[in-house]
Every structure is written in structure tokens, then in C-alpha cells.
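Labels A, B and C are assigned to the chains in the order they are written; within every chain, residues are numbered from 1.
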Amino acid sequence: MKDFFKKLPEQAVRVAVVFLVFVAVVFVIRQFIIPPEMKEPALQQASSMEREVAKEIQYAGAQICEQCHEKEPQIKKIGYHRNLSCESCHGAAQKHVENPTEVKPTSPKKRDYCAYCHKYNSSRPTGFPQINPDTHNPRKPCITCHNPHNPKPPTTPRSCAACHAQIERAKAASYHALIACSVCHTAPEKHKTSPRTVIPTKPDKREFCGKCHDKGSPRKGAPTVDMAAHGEKYVCWQCHYPHTLGGI
Amino acid sequence: MDRRDFLKHLGWVISSGGILGGLSADAWAKMLNKTYDTTKHYYGMGIDIDKCIGCGRCMQACKTENAVPAVPYYFRTWVERYVIKTDRTVSVNTLNSDEPGDVLVEKDVLRSFFVPKLCNQCDHPPCVQVCPVGATFKTDDGVILVDSKRCIGCRYCIQACPYGARYLNPETRVADKCTFCYHRLVKGLLPVCVEVCPKQARVFGDMKSIASPLGRFTRMNKIHVLKPSLNTDPKVYYANLDGEVN
Amino acid sequence: MEAAQNFMELSKQVVGFIYPNEIDIQWSILIVVYPYITGLVAGAFILASLVKVFNVKELQPTYRLAMLTALAFMLIAPLPLQLHLGRPERSYEMFMTPNLTSAMAMFGFVYLWYLMLVLLLEIYFEYRRDMIVWSSESTGPKKWALKLLSLFSTDISEKAVAFDKKTVKIITIIGIPSAFLLHGYVGFIFGSIKANPWWSSVMMPVVFLFSAIVSGIAMVMLLYMIIIPLRDGKIDMKCLDRVASFLFYAVIVDFSIEVLDFIHRLYESEESIKILSQLVETKLFMSLVVLQILLGMLLPLGIMVVIKVFRLQEEVRKLLYFVCGLLIQLGIFSTRWNVVIGGQLFSKSFRGLTTYKMELMGIEGFLVALALLIIPFVILSILIKLLPPWKKGELAGS
């Protein structure tokens, strides 16, 4: 060993010494000087989770509201808004829970808040009640006629457009504009109040459309086609969407 | 500073470090064992596209709860609106973003719907894989967290996320993202986006519990996840997701 | 407020749909500068290794210059990274708790390895004898600086010098894969991101490496052509022609790999092809088609073919080499830009494009980037003064 070191040129020894000193310093710093929470991932993750969990809560959760407010949840339970959380409209209420007398949650009483959900937007799923805020009782606060906790409309909607506005608007620009919904769909009166359980009918045979559109139909002005030779085995609405201009 | 002072100083650094290290582990053990055991939960979210009405309450509540920077475009969760026309063109925009008036001509529309999006809390998270310092990690209960005290702000995780769920918080200058409202989960509360959704389009469940809202959701619906080909194994499950969504 | 206004401006320039969090480019010009710099380091070292390992004797005049160039750029390399971090004061964590699955975590270690064990060590053994001689000839601070750099060594016997030469060769042999690692891992940082189809590619480390070699060789060639006349020397044309030859081969390989990637993308035509085509045709047209391909690759290639086919005069060759060198620097910088910035200009939804507003001032602005590109040359000039690459007789010409 000593011979090896003797044979090694002095510059190599110098380099080796510098390198070893460097390694030793790094080792000492890493092992003895750096505290564990700076180099151990498990400790760091644990402390991070602690800090995450200690973050402030702003929304209390609907179940807590019921502990003090008995009336509104009872009203809400039977209406269309039964699945709405209180804080969906009243905003973050944790501070109110911690200090009920001095901190009050917001209470949206103007028209603009209801519009977030109920203003007409054609991408909303069909059947969702929507209105045009400009024409539906303009300037009147919504809560004048609709109790927000049980927002049953003051009168049963007369037209299908109240909930099926997107279809109505499409139809209004189509060839079937002047045909009432009831011509093709029989909607029991109960559908207006129990829309998901009582469902209107839809035509199920080609002959239904054929009443107007088959060759020899008495209906003037409707385009006709020989139903026996047209459309193979499909129902008419497979290809022709009846609410638009006869295409897809 | 002479040698004695230096050694004293050093001794203080080492011992306080040791105590601090011990404290954190202790405090954490206390919290874990007594009230909440991370290994007994595994969270996931279900989103039903057919139910979302695009009201944006979830976006607004999340910003309030999690102090997401008010600067307009950062979101932990957001809702996208898809309009697919009869000529098969697709136009997409984010709810409440400042876009020029979208005049929708109903007769040209084939399909149109809203898609809520958020961090998918992937089971094979690419963001955790690429973080150089291990500041983002997956907890035992399946939530991906970011340690804001350790993140160095290199933004590699933001590049690696295929879903655009992460952003750099301009105030803290570290990476940030949806945490499934982890600070609420451990207390038995729901994430706020689920809490305020008027239509229950978002459903939250603990996959390790015997009964959870995800049960019916995953049984009755055909489930899809975003970008399955990237093998990130997301834990946000979509029902009735259209193929145009990516 | 200013940030909100900034976003409003940015959003007006968005084409199509982007995820809301993508409005901001995350990696700015500093992250374009970093691979450019490490590319120069790796490329200059590869040129140097041609002399020591592959015994290309004509290149000897460029050897020391290449090593000093590599060192000068290497010293600056961590700066763009530090400046771009959201929390630069925490960068030491990469040494404390590196995440072993992250390519970026290896930066600190690869950098230290390459700087210390390859560059510094090799320069030490290459210059040791000369440093001892020079220190005995100079006075004052320069004398002590040289003594310190030579680690106070004194042996300049033939045996010691022979040992030095052998050690240099061994270090260079280790250095070649180290250089590949130094720049290749940057390519892997991009190439391993499956979320980004512009980056995600097996070829990314290879493309990065070869464009690095191209830029490094071109840079040393440029520096050689600038510095020698400044020191009233004569350019060794045999050396210059040989450097240009290697540059030519490197450009051909680099170009072939990039064309292969391009053809492969178009042919496979995966989901992202639509948005990527739109990206290249609109936002990246100038920087990719014009700067990177036409001016940065095809034009220099054409010039070098012309030089090889027609035996042009020395002065004409020198001028053309110089022009090629500059065009190639422009081209490789554009390459880095197109990869880094280009990869962030399209949305991961594949439905839209955003924009990059480079600030002038600010820590990630144009001026800082420019400064980072200029400082290595300043360092190089200091290094050349302290450790001259050529002995007095060498510059008289061949």
C-alpha cells in the first residue's frame, strides 16, 4: 500500500486529497449538521399533511345548518330545491357557525343570483327549468313569486317551453314551428308537477309521420314521400330530427 | 465568534433539529391514531355529465374555500362547455371566462353539455413522478398533495399533468392544485364543489367504505376517465362522457 | 390590477380553447437558454475529445480553447435554472431529498460530477505543467492564482508530464459518456413527459445531444476564428477545415434525426397532429421553418457542401465557415426555443394555442437571458488570460 502511494505522482496525491476533503465535508454536513426534517421525506410529508389539515374551513356543510334552523330544511325537503345545499345560495357559513349572532351568511335576494342556474343556456340538460330573465317578469325579484326554499312556480307552466326551452327554440326555427308539442307528444297534466315519473309519449311508428308525410296524405303543404319505398326499416326520426329543419 | 461559541451554536442547532423532528412525528402520530387513519380511506369522485347545468357554483365555492388567487384564470376546478354542431365542428370554452358573446344557433347544434374538471388524483400520478424534490406526494388515502413549504417552483409537475389541473400560485410561487379539500375530508366533510352542486352532478365517495355514494354511480353508469391511454389511472370517474371531451 | 390586465391581454391572443390554467407559459426564455448553454458545454467537450481519444491531430490547436469554452459555459449553466425557480432559496433540496423518479433531480449530481470530475480535473492535468512554469514567470496575484490552481504542485519532470497526459486521456474517455449524460438528461426531461406530444419522444435525448454537438463545434470554430486574429496569430487552415468537416458530419446526422422525427409524426398522424400542424404553421412558422430549418440547417449544409465540392480559396472558406457558425448558433438556439416554448404554446386539450409574452425586464426577461449568454464570454476571456490556450510559438501558423 505504501509503495503504491509512493509510486503515485505528487499531483495525483494532491488531487486525491482535495477530493477526499470535499467528500468528508459533505458527509459530515449531511449526516450530522443537517437536521432530520430537512432530509427525511417521511417526516416532511407528515408535516405537510398536518399543515394541510390545519387549513381554515369556510363552508360548514348542510348538516350543521339543520341543528339550529329547523323551519327552512322542513320546507326545503319537499320541494324542487331539496337536493340543494344551504350554502349553495347562502355562501360560506362556517364563520356563522362559530359566531352565530355576529356573523350572518349572505342571502341573495336579487334576480342576479337565481340566474346562475335558471337563466336560459342551451347547453343545460333538457327538462331543467329555465327562463329568459329579460322577459320573465323583468325587474321583479324572483323571491316575490318563488319561495327559494320551495320554489314551486305560482302557476303551473302553460307551455312546454318553461322546461324544454332549448327544444322550443330549435322548433321555432324549424318547419314544425306552428305545430304544437301536443300534436306528437301526449303529456299528462301530472308531468308538469312530477316530470321524471310521469313521462309524455313519443310516436313509435312510421305511420304516425306518414299521416302528413306519406304519399296521398290529405295535409296540404307537407312534403310527401312514398313511405313504402323510403327509409328501409328505420323509424323516421332515426334520420330526421323533427325539431329542426328535417336533417340530422 | 470563537471556537467555544461556535460549538455551542452548533450544539443548539443539532439538538433543536432533533427535538423538532421528534415533535412533528409525534404530533402527526397523535393526530392520525386518535381521530383519522389515512390507511382506512381511499377517495374518488364521480361526475355525471348529464346532470351538470353549468351554474358555476362549484368553481366559486372552491375559490372561496381554498383561497385560490383571485387573478382571473387560475382554477382548482372549472367547468367546460362543449357545443358540437351538425357540421361536426366542436367549440369549447371555460365557464365564466371572458369570451365574446356566443350566439348559439340552436338548429345547428347536435350536442351540447357541460364538463366539470378538476385534478384527477391519479393513482399513477405523472406529477409525483417528476417532482425533483418530492414536494408533491400521494397520501395513503389517495389524495395528491403539494407541500408548499418544500416546493421549489420549478413547474415540472405543471408540465407533466395531462389535464391542466395544476398552476403556479402567483402569491406563494409554488405549485398548487385541487386537494379534494383534504382539510375537510379528514373531518368527515365533503369537498365544497360536491357540497354546493345543486344537481348532485358531483358525487364523492370513499372506496374503502362499505357503502358510499360511488356505489350506485359506478354500478349504474358506464364509467369513463380522461385520457385513459396515458395510464395515469385517474380517480375522477365520468358518467355519460362524450368522446369529444379530452 | 396589473396581473389581471396582463391576463386579459394574453387571453385575447388565445386561439381556440385552452385549459384555464394554461394561460401562462411556465418555462420561459431562461429554460431555452439553459439547454443551449449545456449543449455548448457538451459539444465543445466532444470536439476536445476528438483530439485526445480519437487522436485527430489536426484539431490540436482547438483543444485547450474547447476545454476553456466548456468550463466558461459550465460555470454559468445553473444560473438560468436558479433564476427561473419560484423558490430559488430552496434549490438545495435537490441535494437533500432528490426524488429518484425525477429526471430533473439528477441535475445537481450530474452537474457536479461533470464540473468537478471531468472539466476541472481534465483542465488541471492538461495545464498543470504550464501553470507551474507560468507561475514561476509571473508575479503578484497572478502568480498565486496559478499556484493555487496547480494545487501547489512542483514536479515538472517528464515522468510527471507523461502521467498527466495519460490521465487526461482517461478522463476524456470517462468524459464522453458524462457529456452525453449532461445534455442527454435534459432531452430526457422533455422526452419523458407523456402529457405533451410535442416533447414526448424517444428521439428527444438524441436530438438534443446531436444539436448540442453541432452547436458546440460551431461555437469553438467561431471562437477560434475570432480569437486567433485578435492575438495576431495565423489561423491553422488544416485545423479549421477539419473542424468544419466534423461540423458538417454532425449537422448531417442532426438533420437526419430531425427529419426522421418529422416524417414519423406526419406518417403516424396521431391525435395531436392537427394542433401541432396548426402550431407549426402559425405560431412557430418563423422560428421553426425559417430560422431552425432553412437558415439554421439547410443553408449551412448547403454552404458546406459547396465548400467541399468546389475547392474555394482560403479567404472565401474562412468567411463561409464564419457565416455557417453564426447561422448554426441561431439555428440551434431556435431549436431550443421551438422545443421549450413551442411545447407550451398549444393546449393539452389539443384544441387551442396560447401565446408567450416575453418581458424585457424582470427576472425572466429578455435582458437577463441576454446577460446570461454574454457572461460566459467574459469568463472565457478571463480564463484565456490566465490560462492561454496557445503557446507563443503556436500562433505563428502552420
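The rule we apply is simple: contacts are C-beta pairs under 8 Å (C-beta built on N, C-alpha and C of every residue); 3 or more make two chains touch, one makes a residue touch a chain.
Keep in mind it's a predicted model, so treat the numbers as computed, not measured.
The touch graph of the protein chains shown is complete. When the interfaces A-C and B-C are ranked by C-beta pairs in contact, the top one is B-C.
Compare each chain's C-alpha centroid with the centroid of every protein C-alpha atom shown, and the nearest one belongs to B. Each chain gets a centre from the mean of its Cα atoms; for subunit A and subunit B, those two points are 16 Å apart.
If you average the Cα atoms of subunit A and of subunit C, the two centres end up 49 Å apart.
With centres taken as mean Cα positions, subunit C sits 38 Å from subunit B.
Shared interface positions of subunit C, i.e. residues touching 2 or more other chains, are given as 96-97.
The set of subunit A residues that touch two or more partner chains comprises 34, 38, 40-41, 44.
For subunit B, the set of residues touching two or more other chains reads 134, 150.
Those residues of subunit B lying in contact with subunit A across their complex are 10, 13-14, 16-18, 20-21, 24-25, 27-28, 31, 38, 50-57, 61, 64-66, 81-83, 86, 104-107, 109-110, 112-114, 134, 137, 139, 145, 147-150, 179, 182-184, 186-187, 189-190, 192, 195-200.
Those residues of subunit C lying in contact with subunit A across their complex are 96-97, 116, 121, 124-125, 128, 151-155, 159-160, 163-164, 167. Those residues of subunit C whose C-beta lies close enough to touch subunit B in the complex are 3-4, 7-8, 11, 16-24, 26-27, 84-88, 90-91, 93-94, 96-99, 101-105, 107, 189, 192-196, 344, 347-351. On the subunit A side of its complex with subunit B, the touching residues are 32-38, 40-41, 43-59, 61-62, 81, 83-85, 87-88, 91-92, 116-117, 121-125, 128, 166, 169-170, 173-174, 244-245, 247-248. For subunit A in complex with subunit C, the touching residues are 9-12, 14-15, 18-19, 22, 34, 38-41, 44.
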